[in-house]
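Take a look at these structures.
Below are two complexes that have subunit A in common, paired first with subunit B and then with subunit C.
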Partner chain A sequence: MKTIQRLAIFSALALFTTGAVAQETAQEVPTGHLLVKTIVQKEEVVIDDNGDQKVQLVDARVVVPGDEVIYTVTFQNISDAAADNVVITNPIAADLVYVDGSAFGPGSNIVFSVDGGQTFAATNELSVTENGTTRPAEPRDFTHIRWQMQNEIPAGTQGVARFRARLQ
Partner chain B sequence: MILRARPQSVFQRVRNSPIAFILTALALLPSQASIAAGTAAGTVIDNTAQLTYDIGGTPLSLNSNTVSVTVDERIDVVVTLQSPQVLVAGGDSNRSLLFRVTNTGNGSEDFLLAIDSNLTGDDFDPVPAVPAIYFDTDSSGDLSAGDVAYNPGVNDPQLAADAFIDILLLNDIPLSAANGETGLSQLTATSTTGSGNPGDVFANQGDGGSDAVVGTSGGQAADVGEYLVSDVAVSIVKSVLVADPFGGTQPVPGATLTYTITVEVTNSGTASGSAVNDPVPANTTYVPASIRLNGSTLTDSPDADAGEFDTVGVPSIVVRLGDLTQLSGPQTVTFQVTID
Partner chain C sequence: MKRYITRISWVTRLIASAVVVLFSQHALAVGTDAGTTISNQAQVDYNVGGNPQTFILSDPAGNSIPGDALTSGALATTFVVDNRVDFTLVESGFIGHTVVTPGQNGEFVQFTLQNHGNSTQDFRLVATNLVGGIVAGQTDTEDMSGITVYVDNNGDGLTTATDPNFVEELIEGDSVDIYVVATAPVTMANGAAANINLQAIVADAGGPPGLGADTTDDAGSADTAGIDVVFAEGLFASGGTVFTLGDGILDAQDGFIGSSAALSITKTASLISDPFNGTGADRKAIPGAVVEYVISVANSGAEVAEDIVITDTLSTEITIVDDYFGVGGEVQIDNDGAITLCSQEAPDTDNCSFAAGALSVGADSAIDVDPATTLTITFRVTIN
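The block that comes next holds the complex of A and B.
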């Protein structure tokens, strides 16, 4: 329920901001064809009115080691034209370890980097060399995640990318 | 008598296999995976996503807002018995058990220490000496002239994240304790910031003004040591060497642990029918044919030689040393396991 409410609120914000950008374009070269927003959340178990346990997402303002956080990037094309080659790149902070298999992004090809974002590839194509020994990359090696949208993003539409990471 | 060498408990907590992504409440449980205390309390982790795109063939890019997460202090502690079974005689005084208190949280913490020698599961109750708790200040492993007595509330040990301190518990052995009887004594360490149920929050009590959150230990830990009344004095020392698959010494999955257990009679008595019985630590796998007694290979099967890999119940290494005296010299048993 809460997630849906949040999306609704975000949509309202996006629409409002669209109007604001439209006004600004009269004065300067448009820089904001797309809106992008990041939120960070964690799961919280709550007891609902029926006494059942439910997991809901809450803002992750504070965490402790071992906690998992969920980063969600939403974007919306607020221009009149389709956007091609939309790519979202998100770093994975040094104190965080990507949760294997957690990256999610409808319509996207998801690739990872183990070299600070210089190169990206699918997980099974990445390797790491330590002390002269090369081994397959593990989730703890990932420094960045990239979502490559497969299709153009038509005017007015939006998309989402998400992943989980665990605090070391 | 059976000498049961205690496994090195730190290696019982080796990394679990990566857990698949499951969107359930289970995912909320703090991970058992890391041995280190983790990210320092007060750390701020920022995240900004970058978006690149083309419109009308023109490449463009922009950044998202930045979201920040602050790391709270997690209160966790582990107490681990360091000494093997301590052999004593009835009427002994100030006999020490060595424990290690490790701050496995991610912030600095003070710990209250307590002794309890009135435990069930033993034959006699050791009598705590006065004072009963000492810091092993000189790291000798036993009570020495320079060791400082612990005074609750006055010199509670303060431990940084990942830091440990060695503690001695001193007990007197009742005259009535008979040969072969055992007595137990326990050390408990409790965070002075707070303890309770995992997830309990102590607002603004953490490092750097963060909240302090009780971890899986509940902010309190204990371990129990054992005295055995014995007319013969036997020392047993266990050590471990780590060899990881990359040529280093990190206890990672795939690393080989070589355990060495040395048994020696240190006085004039005879230890009859001595045997080493050591369970293979949890989350490890025994390396076949790796049992050695004084350098000689012992087969894994239960046969005529002195040792075997006992797979009945908890998998264990069993080596029968027979009757030992001081003249027997040190008996060295080694075996290997790999971390799963």
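The block that comes next holds the complex of A and C.
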């Protein structure tokens, strides 16, 4: 549980900025260039102060079959160097069905897999063979989504990838 | 004074009592089971300066340590599937009111409860008499007694003493039949309805055998990690399009309808003759005149009216015409064409009695009046 360790260390650093022991421990943890975060949310209709209906994203605290959830992956370049050829690969849980057309990612080329993430292609190039017959892939067939960033992620900047899925 | 008593045969059993055997039906589970953890973890591959770097996995709070989950400690982003309570409660078996005779017990109305939610549930059941109101076109005017609920958990289609009065551990997609047995009022009128309301309240499954506590909506304390409850009963029934939050309670109605005798009684008096004018048109109701009385008891109901006793208080100013229907025959009893005579003379065992100035018919042996038939009693008197 190194993440927890590390968070604890940061806390310790905040309290004891000259803590030599803590600094030594922190140096043992290799750090990559990107801070990657995934959150899951759902839409909720709320009534604002003006009495108007407003759709907002809230934590996916209550999710029942039929509900749609929204996954948002953020990747922030926390290094001094630009990252390129950034590829985000996200599996779709077995009990979820990708919502057609919902994958979103500025500056990315989005491809899908129907074979557990072995191969990826655009949606219209994917097919599935069932009982000896081949048919075009449907959203329920998708097992993974991949965002291929077309541009480098400069130091200090952040990218985002998002998709919706419906709980079966 | 006229009086009639009906008592209906206890052996009357109608077609509606045919036991309908239905077993629990299995249907496809409806949705991902409550309590399932749905995990998601993105992987980011990248280059720096043209050199491939070790991938980084996502974490709900952010992760920048490269490598697999073990190495980086990155956690998947998860949520737990919550409990969508959805079920239907409908009348089943014999559709329409169940026919009962007065006082009959053991008859039932049937309902089917199906769990369309994504979690095994218990259901608490409450069956009550509806007071007033219309069910299936029948206005409630009667109340049943001894209302008892039997849940056919074992699928044998029978109501047995060991059947519980609640639904135990009904898994997703399954249905179970519920019988509500009751006793009809002894005075239940022909065609009168006793409507029944069955209420099902969703309850927690699991735990020791027996009915769990009523399931409560904990939306106020909803969290990502635990199983929250969403009352969505009616979602399935609406075809999955209307998601109105409910309260985990559904009602359904059915009823019993009385099948009984329905008697009407009439008495007519006809002046036959007087001592001066004979049977002429000018005859008058004067002393010595003869009057014929006809008492008719018609059964317009659906059941035999049994053990009818007709009592007619006679005026002291009249005298029964002796042997009018022949020797020992003062009163003619015509029961749908079957004619018997009886006498006012002792011994009084011929089904007529004249005690205390009253004629009583039917006291000595049972007179039954079939549905759609009429009992006619005829006798003549002279005016004193």
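Just a few scattered comments:
In this text, the second predicted complex is superposed on the first by the 138 of 168 C-alpha atoms of A that agree within 3 Å, B and C clash if a C-alpha of one lies under 4 Å from a C-alpha of the other, contacts with A are read in each partner's own complex, and residues count from 1 in each chain.
Heads up, the rule we're going with is that a residue touches a chain if its C-beta (ideal position, glycine included) is under 8 Å from a C-beta of that chain, and two chains touch if they have at least 3 such contacts.
Just so you know, these numbers come straight off a predicted model, no measurement behind them.
Look at subunit A after the overlay: subunit B and subunit C clash there. In the superposition on chain A, A:I78 makes contact with subunit C only, while subunit B stays out of contact range. In the superposition on chain A, A:R164 contacts subunit B only, with no contact to subunit C.
In the superposition on chain A, no contact is made by A:V114 with either subunit B or subunit C. In the superposition on chain A, A:G101 makes contact with subunit B only, not with subunit C. Touch criterion met: A:P91 reaches subunit B and subunit C at once. Overlaid on A, the two complexes show subunit B and subunit C touching the same residues of subunit A, namely 31-34, 36-40, 60-66, 69, 71, 73, 75, 79, 81-91, 93, 95-96, 153, 161, 167-168.
Listed in rising order, the residues of subunit C touching subunit A in the complex are 30-32, 34, 36, 38-50, 52-54, 56-66, 71-84, 118, 219, 222-224, 228, 230, 232, 235, 240, 243.
Contact residues on subunit A toward subunit B in their complex (touch as defined above): 31-34, 36-40, 42-45, 53, 55, 60-69, 71, 73, 75, 79, 81-91, 93, 95-96, 99-102, 130-131, 133, 135, 138-139, 153, 161, 164, 166-168. On subunit B, the positions that touch subunit A within their shared complex are 18, 20-21, 23-25, 27-31, 34, 36-39, 43, 45-56, 59-60, 62-67, 69-74, 106, 210-211, 213, 215, 246-248. The part of subunit A that touches subunit C in the complex is made up of residues 1-7, 29-40, 59-66, 69, 71, 73, 75-76, 78-79, 81-91, 93, 95-96, 153, 161, 167-168.
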